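Lettered A, B, C and D in written order, each chain numbered from 1.
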């Protein structure tokens, strides 16, 4: 069982890794919370994130699910980790001011954490689930780009 | 069975929709081909698309799978369509000059097409599968943003 | 919002449908509870349900996830329903006296419910998650076998 | 690259493992072919495999997908293997005389094979896709039931 200090170290590592992702900065996502292993990622909606009908693009929702799952799994596993599988079921067209993805590990073994996730659109006080996801995260063994 | 003229109309519609997606323009993806219902989407790798280790971010790969599946399904269904489910299994860290997603419908019924997809990293002549995906596409019934 | 009487009717319908499934009887599964839309399906482990190493076969676990998801979704949708998609991530080899699958709807719209599910092995007081699942359930429109 | 003799050894191993699965015998499935890594599993339809409307139960289709994927992945990896993830999208109610699942590995790395799969209902000469699946198979490290 991790001590409180270890939890804080892990939260700091998670934030550092999250903010070091160029694609995350391109989209503008924030890691809002990792308390108790419950990860919350938030993204402000804007026109460049949308598809042809003005809804948030499914690829943006997939990014949110993928990244929330990765960090929830990484925290459960205690360090650097990668998502090996992610499934997204879309329930509603996504509109609103913000999107929020929430994820936590449901089953953690030595090398793998399986996480559930929901993605919500937020308009003022109003929240609606726009997608539901599940992903598997494994400990990262290869921090360097591989040679071909 | 669609005539050749109908196929050309559908290909033109697909290209128009693809190019009308702001998120697709933000990422820089191109719809390379839709011949025979086999969709190919290409994206040039660049630093802003990457995660903290210099690999292409999983969210970018998920976008490519999601969008290739949507267009393969839309072509199989003969018009505007949305992805209702997408599963991605990641096989290798993604590097290289380009990413290419290829998808086609494996089973099409009146309202739904199920598509298989592979995502490849390309370096010169060298291609490697970096992710394998499956998605379900349904006919779009709501082209306008819903009222909350 | 359904009244208490409607809930009881729905629970009775669920039990009647569950017990009318010949494959469910072949396996010996029981619908333990549907209270509050939280479905619990239980199956006693026995040699014929196993694979070559003495673990419960992945197909049995997939059946449990599929069926728990179908009934959780059907209850959320208020009637007869079918699973259109199910994803299972396996976390541990399954042993023990019983398997229990628990599922509930996470997002319900007019025609579709998306459900999360966990499958547990149970040995006395000891429970362990052996698989985590997600599925989509849609209202059933075709109660009769289709003509080919 | 495996020699022809190695392929024959692997095919023999696959058949021995397949036939050693009690659950596979309970259902009555046969491993029809593994030629070239393309696995075909066949199951004769009968009343005990059905759900309440006389269609083959989704759990049976999930078993077929899971097992076809496991063997396709095991052959790609060259030995004993387990499925760690399987996703099934259902396209049609399943009826007919037989069900056939076909699977092959789409991407194989050192420890993991990702497989695509289709499940067909067969009536005489008539074949229809009833489900489409994708699964991940990993090398088996634990042939013995774990102690709790």
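Keep in mind that, in the parts below, a contact is a pair of C-beta atoms (placed from the backbone, for glycine too) under 8 Å apart; a residue touches a chain by one contact, two chains touch by 3 or more.
Note that this is a predicted model, so its numbers are computed, not measured.
Common neighbours of subunit A and subunit C, listed by label, are B, D. Of the two interfaces, B-C and A-B, the higher number of touching C-beta pairs belongs to A-B.
Using mean Cα coordinates as chain centres, the one most removed from subunit B is C. In whole angstrom, the spacing between the mean C-alpha positions of subunit B and subunit C is 32. Taking each chain's centre as the mean of its C-alpha atoms, subunit B lies 27 Å from subunit D. For this pair, subunit A with subunit B, the centres built from the Cα atoms lie 21 Å apart. Counting partners per residue, subunit A has 84-85, 87, 89, 92, 136 as the residues that reach two or more other chains.
Those residues of subunit C lying in contact with subunit B across their complex are 84-85, 87, 136.
Residues of subunit B touching subunit A in their complex: 17, 20-27, 47-55, 57-60, 62-67, 70, 82-90, 92-93, 95-96, 123, 126, 128, 142-146, 148. Note for the complex: subunit C touches subunit A at residues 85, 87, 89, 91-92, 106-107, 109, 112, 114, 116, 118, 129, 132-134, 136.
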